[in-house]
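A, B, C and D label the chains in the order they appear, each numbered from 1.
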């Protein structure tokens, strides 16, 4: 049930998009009687983001226009993770297409982590894509990788380690190719 | 243990009642020393409500007179879900009977999600009814559908998908009936 | 592993003691940077308390001198559950012995729910005693009933249903005895 | 998968280091819209700390410079647990080496509980070392003991019981040795 169902040749990801709600958080929103709203994130996941950044993978966090909480926490998330936080509409692809083109990247070099119906197109398009274990079936079917961890409790970290493993594989493959070419 | 134990002919639901405490929330109340009270809801569940509303199913949220927190959060829940929030007494059926009559609906066209003893009569009466996995036995026995998800963590979403599936089945059945009648 | 390991003759409980921390709550304390402290309780468990009170079982909640949070929430817990909240020291038995004597009760007519080392003596002494599933081994070994639910998520409710079942059994046994005596 | 993979001769620990984030807490940080930040700890774990202190094991809590929340809560944690709270950098060993030397202790008499990559060196060096069940693989591989409990929900307590068991074993071994020496 879990694991990676992508291409044979490993991907060399330089840019990652991650949905805040349900991926970096559990998708839970705490509402208080006095009007306060809270979400929770995990240090294991922010550590995963830092691991990606060290290997020159830019991480962009996505909040949805239908989920106002994550949006209000954008500044705090940037401060904690060093990531840009971007607001997307009902179809995240519309916003992200431009950004990927601007950076002159191919979608196969992009990683995407989502957890519900609106993420389906991006999950299909990205070279590496993942959902937390507790995502709805519609999202699991579109993703190339299903995490063993649930959202807000290590799923982002697990995907980060998967991306770094793929990068390493791609690098050693490139190296071998160069050696082969030199020898023959 | 899980699954649907209802009638053979699928239901065409137009109105859904959902208990806030224990169905939309986990049933947990956070109490603080300074007097603050909090509950948590899940974006996956609010997405489920939006999916129902798009297919013209009206969703009414129920709070109980014995659970003051959910009641105080009514306004906030309405803002987030677009649902009317209604306060019911120890027997929700007393209040809901009137509402169902007013809308000239039959109880077989009503969906009900509850999670404890007071919900038993409504769970028995409604055409489609469900409880979260972690509901007490008395409620599980009365419901037609037992969710795989627990309250506040996807149970509402799971039931929403079940309702929409039943509606689709009912529609395709009606269509087939019309074709059959035309051909013979 | 779970279930009841008590006497053959059912108990007729009139008084129940329940540890707040770890039984009614999960044992978790939320600490905030600004100095706020929170715990969480479950509506399923408060419903269990109400079920006991309806059947004339007095429920007394216990907080420990080493756990200041629950103590500060005493008033709020009383308001929500209608229970007296009592502070006990490192050996709860010292305080409770007096109370049981005052009410002219026998310890076999008392139910006790605890979740750690300090509760061991009371768990051994009480006619009915229980621990949540996630209690340390030392407490599990002393209790007559191990709940399937964890603390703060239905353990109190489960034990309440067990107590009511035992009361009902005791009542029908007494009734049968009276009939037998009349007939012979 | 779980259990102890250390030396045959039991350890006599006098000093324990425990990472706050992910070991004493779940690693989750609650962020609120108004700027509040929260973590949660468990009374079962603070009870474990108290058990160690009673047996003359000094417990020092560690917070990381990359996790500002735990640092802000240091004072509160000291108040609740009676432990010194120490801030460490990216390599905790650099700070702790000095402290262990100052107390004239050997690293085999030190216990260490960590939960991620930065803890690897300390986990390798300490005589007894543990990680919560939900730690990343890199930390699990370095630790001598993998807890059955997850961080913030009893892992610290489980390790405390393990340390005390080892101490008791070491003591009875020493006693036996003395008796043997006297007899022969």
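Everything that follows uses one rule, which is that a contact is a pair of C-beta atoms (placed from the backbone, for glycine too) under 8 Å apart; a residue touches a chain by one contact, two chains touch by 3 or more.
Bear in mind that the values here come from a model prediction, so they are computed numbers and not experimental data.
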| item | value |
| --- | --- |
| Centroid-based (C-alpha) most distant chain relative to subunit B | D |
| Length of the line joining the C-alpha centres of subunit B and subunit D, rounded to whole Å | 46 |
| CA centroid of subunit B to CA centroid of subunit C, Å | 33 |
| Centroid spacing, where centroids are CA-atom means, of subunit A and subunit C in whole angstrom | 46 |
| Touching two or more other chains - residue numbers and ranges from subunit A | 30, 36, 38 |
| Chains that touch, pairwise | A-B, A-D, B-C, C-D |
| Footprint of subunit A on subunit D - complex, ascending | 21-22, 26-36, 38, 66-67, 115-117, 134, 136 |
| Subunit B contact footprint on subunit C (complex, rising order) | 30, 36-44, 47, 50, 69, 72-73, 76-77, 152-154, 157, 161 |
